[in-house]
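Given below, in the form of structure tokens, are the structures.
Look for subunit A in each of the two complexes below; its partner is subunit B in the first and subunit C in the second.
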Partner chain A sequence: MAETSDGPLAARASSKALAHLWMILGVIVVAFPIYYVVIASTHSTQTILRPPLPLLPGAEAYSNYKNAFSGGISKMGGVSLWRLLGNTTLIALGIAIGKIAISMASAYAIVFFRFPLRMVCFWVIFITLMLPIEVRIQPTYKVMVDLGLIDTYPGLILPLIASATATLLFRQFFMTIPHELLEAARVDGAGPWRFFKDILWPLSLTNVAAIFVIQFIYGWTQYLWPLLVTNSNEMNTIVIALKKMISFADADTPWSLVMVTSVLAILPPILVVVFMQRWFVKGLVETEK
Partner chain B sequence: MNRTVFPHKLLPWLLVTPQLAITVIFFYWPAAQAFRQSMLREDAFGLSTSFVGFSNFRRVLSDPNYLNALQVTVIFSILVAFCAMSIALFLAVQAEKIVRGKGFYRTMMIWPYAVAPAIAGMLWLFMFNPSFGTLAWPLRQLGIAWNPLLDGEQAMGLVVAASTWKQISYNFLFFVAGLQAIPRSLQEAAAVDGASRRHAFWTIVFPLLAPTTFFLLVVNTVYALFDTFGIIHAVTGGGPGKSTETLVYKVYNDGFVNLIMGDSAAQSVILMVIVIGLTAFQFRFIERRVHYG
Partner chain C sequence: MAHILLKELRKSYAGQEVIHGVSMDIADGEFVVIVGPSGCGKSTLLRMVAGLEGITAGTIEIGGRVVNDLEPRDRDIAMVFQNYALYPHMSVRENMAYGLKISKMPKPEIEQRVARAATMLELEPYLDRKPRALSGGQRQRVAMGRALVREPSALLLDEPLSNLDAKLRVQMRLQIKDMHLRTGQTTLYVTHDQVEAMTLADRLIVMNKGIAEQIATPSEVYRTPASEFVAGFIGSPAMNIFTIRAEAGTAILPGGHRLAIAGIPASGEVRLGLRPEDLEVTDADTASIPIDLRSVEHLGADAFGYGVIVGSDILLTLRLPGTSTAQRGDRLNVAPFPGRLHLFSIETGKRI
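After this line comes the complex of A and B, so read on.
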């Protein structure tokens, strides 16, 4: 920030260089924990237990990952890595798709129809913003028990798909659709389904993609809810299974497998965020305001 | 409000029913139960329950353990919100100065958003656990008695670090968007007037960022209060002692581990009041946003 005699241009260049330096430092801090676990997953348990960990990949990558996928994880928790990844994917997809479906449907009804209690419905949905799962865990758990939903996929998915945020976003977006479009469609004899399928859905794709990414990650990273409604290891998500594997008191913890599981638990959502970055960032910044 | 609409009468009801049904079954009914239970007391054997009015609340609010959890929550939330927001703001300001490579930095910054809170906690535990953590190792070499599994303050430090780390991405994206919305000409005008960059930032840019900052303050508070359950559960389990037991952790602990329903329900209701307060605050501020455009 010091103005040198070289004038403002040089000052600007040096401030830019400094900015790069800070960003690189920031990226190192932000990326290091992830880098660390990726590196650790390529070393043997003996190497991991002898700090400091080498900062470069080790030679055990292939054998660690092969072991993890071909039964190493099953020996720890009785459930294969495939099953854990499958459970988590199913739940994340179920939540993302379910949320989009039910919130689009209700937003469609609220914006494009007039029916008694329309605004009451809207407020009933809206107020759920103020009731996160954490403030009603015990009674919600009891509902699950009464409905026989413990240790089932619907039990893991259904309570998480009601979302005021997604409904609000779709409502907001639908309200920006010009009347003329609907009028023209109706003149052409299009009913609600044709209008939705041919006009509204194509226009909504960007929003759908954005919400999909956000909700997929929301589903993948769930913790408290799966912890409560699953007793059987068969129904564990990878995040819960990982927590159960970690024990510092147990000398036999196969840390290399724990590291492999950690990598596989964080990789899929990271890939989704990185590859769908454009929609994700737009969706996040625009919807949550 | 004279929009063209479809004339159907039954169809809209069919469309809202799935969401309403889930909302009522999994949100309103349990929330109502929480209220009901918070006024009831079960006897020691769970055979009978009686209405006790507000006595559960009185007991919870005078319980030293609850007050401890409240204090832990306040300290934890302030630390997380402050650290996560200031680091993100600093980095966003740096990113704004950069022309080339912005996209690369953004991609590198958003990773932690996709990491589950519980796993974020575990990653930090891997690095800082006393038995083999690579970053715990130099601390011990320096003669620091580093053991977050035994030392309350170190445990708090670790969960704050993990929670902050996870939230930086989110705040960064919002601050970048906020900064981009501020006209460059304003900052350049300040520079022409001879204001130093630092001075221009605090007097011009920062006040204009206020809406973003307020929004993030609410989001980060909600995050620290609720979403960090996984981090605390995975890293410290509320311990050592009760040094990292937050309000949400205590609701879970009393309701599912210690099985004290009345107290747990009363705590849920108190949390609900906190969330309603925060949401109301957020919406009042969003109203203001609209006026400012």
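After this line comes the complex of A and C, so read on.
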């Protein structure tokens, strides 16, 4: 509908332009801070601190990034940028994969098996939806201390992997699988494990991708729990390190390094979204059956 | 290939009995069709044989072995589902091979069997396609193929043709019949379509509300229906059935017409069944039923007349020759062929 005539079509074209303008505005509002972070990471700290904010890339990009990777950051926190990125990746992956494993297993049990208290289990899981980690943080912390999991990867990952949301999503998806498919598999001789591996898992892949993206970002951006459960800098995530780099006095903060670290903190989630976008959207929109 | 024995099978859902004791002895290689109206328990019965539904009471034997507590995979059966239930992410080849792969059959043999089934079902060009890229008829054939490659003791089919259009249904019906003749597989086939039932079956189970009303060959079911339900369900157009009164050995029809009927009780009321093709137009005399024609449908070779018995509101369907000139408003006298009448008890509905 790209005609340029009078009447309703013209009106539609102008309202379309207005809509676009509005969306572009929205994108600018959302994207500008990110744009500024990227720009700032290419300027020296002095330039960043001196108003007005430069809006074009500066000349310090190479030296800033080189400095960040070759010890500038370890000088402050005692751990290298690589270590921080590694920690965060490990935790985000652990949380995403762990959540998928646990929520798929529980959804599988709830949907495909008949056992006593099945619906009770479902409701118990459902109710925990309403409890964010902050609510159960004190007892969880105690458990982690008792288990000696402070300052360990399991301590960082385990409390975060039970997910009512993902369980619910998988349950909804599993319930759309035609019952006959399960019966056909039973007649073909597939037991519960084979049915899961050969049929349910391949059919769930797009959903898995969508949930992976969401949970990877959730894990990547965790702040409160890693802050609590880690004492040594060695176990810091990039988000925690970022916080620690910022001191109260503006002048004491190496803003150029902070900006570089911010860019590096933003990048992996963006990459995950970009690379898994096709699957992600498919998983949210369609169910392939 | 095996002989299947159903003994007093019962099924209840939450205390509600839906199958009320069905017994049948199915010979090796026999093609048995379970037919009945929707909701009468056909699928439930079939699924009990398959092992997909538990058995509340009774026993099922397949090949001389009681299978009541066996999983479907241990019963040596294969099943074709109404909506085919193909695995959407697997190619046609993988769909057919899946059961064999699970049973750890050597690869070359799997390939051989799949190839043979694909040839028989004309599926070779589609072996690498996903079900999504197939037409309804092709999907149906894949479902058949998936069941056939297993070479099971018993083949179970639940309304396998009901999702196809009329033309394809006829074609697949012939193919199923042909395949049965070739493989000689013991087959249990569920349908609500009496044409499928009559043409495919060696024997029929006519079900009604969870009861097997009659178990017999198609021609027996047609000629000597065991109950009023069977009489009304099998045959198209349906049998004319109405109540008559017996008086000293003669029948008083609605409208007061008298008719001599052999085998009628001395007195009381019974139900009389007359197939449309068992009524003959005669000259007016005492041994006939006068009817006023309401309409005539010409189908070419045949015509069907619809009329009411004079003096009543009982509608009769009768078959007329295609050349008949009878028309709406005519009064005809029709007489039943002797020996082609059906009498049913009013109380039990059973054949007298």
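Quick notes on this one:
The rule is simple: the second predicted complex is superposed on the first by the 264 of 289 C-alpha atoms of A that agree within 3 Å, B and C clash if a C-alpha of one lies under 4 Å from a C-alpha of the other, contacts with A are read in each partner's own complex, and residues count from 1 in each chain.
Here, a residue touches a chain if its C-beta (ideal position, glycine included) is under 8 Å from a C-beta of that chain, and two chains touch if they have at least 3 such contacts.
Since this is a predicted model, take the numbers as computed values, not measurements.
Considering which of subunit B and subunit C touches more of subunit A, the answer is B. By the touch criterion stated above, A:I95 is placed in contact with neither subunit B nor subunit C. Of the two partner chains placed by the overlay, only subunit B lies in contact with A:Y36; subunit C stays clear of it. In the superposed pair of complexes, A:R136 makes contact with subunit B only, with no contact to subunit C. Shared-chain residue A:E183: touches subunit B and subunit C both.
Once the two complexes are laid over each other on the shared chain, residue contacts for A:R194 go to subunit C alone; subunit B is not touched. Using the contact criterion defined above for the overlaid structures, shared-chain residue A:V229 touches neither subunit B nor subunit C, since it reaches no partner. Looking at the shared chain after the overlay, A:L203 reaches subunit C, while subunit B stays out of its contact range.
Comparing the two interfaces of subunit A, the one with subunit B and the one with subunit C have residues 183, 186, 288-289 in common. Interface residues of subunit A facing subunit C in the complex, by the touch rule stated above, are 178, 180-181, 183-190, 194, 198-199, 202-203, 288-289.
The touching residues of subunit A, counted against subunit B in their complex, run 1, 15-16, 18-20, 22-23, 26-27, 29-34, 36-37, 40, 48-53, 101-103, 105-106, 108-115, 118, 121, 124-125, 128-132, 134-143, 147, 158-159, 161-162, 167, 179, 182-183, 186, 191-192, 195, 217, 220-224, 227-228, 239, 242-243, 246, 248, 255, 259, 262, 265-266, 269-270, 272-274, 277, 280-281, 284-285, 288-289. Remark: subunit B residues 3-6, 8-9, 11-13, 15-16, 18-20, 22-31, 33-34, 37, 87, 90-91, 94-95, 97-99, 101, 105-120, 122-127, 129, 131-134, 136-138, 149, 165, 168-170, 173-174, 177, 196-198, 215, 219, 222, 226, 229-230, 233-234, 248, 251-252, 255-256, 261, 264-265, 268-269, 271-272, 275-276, 279, 286, 289 touch subunit A in the complex. Residues 50-52, 71-73, 77-79, 81-83, 85-89, 98-99, 102-103, 146, 150 of subunit C are the ones that touch subunit A when the two sit in their complex.
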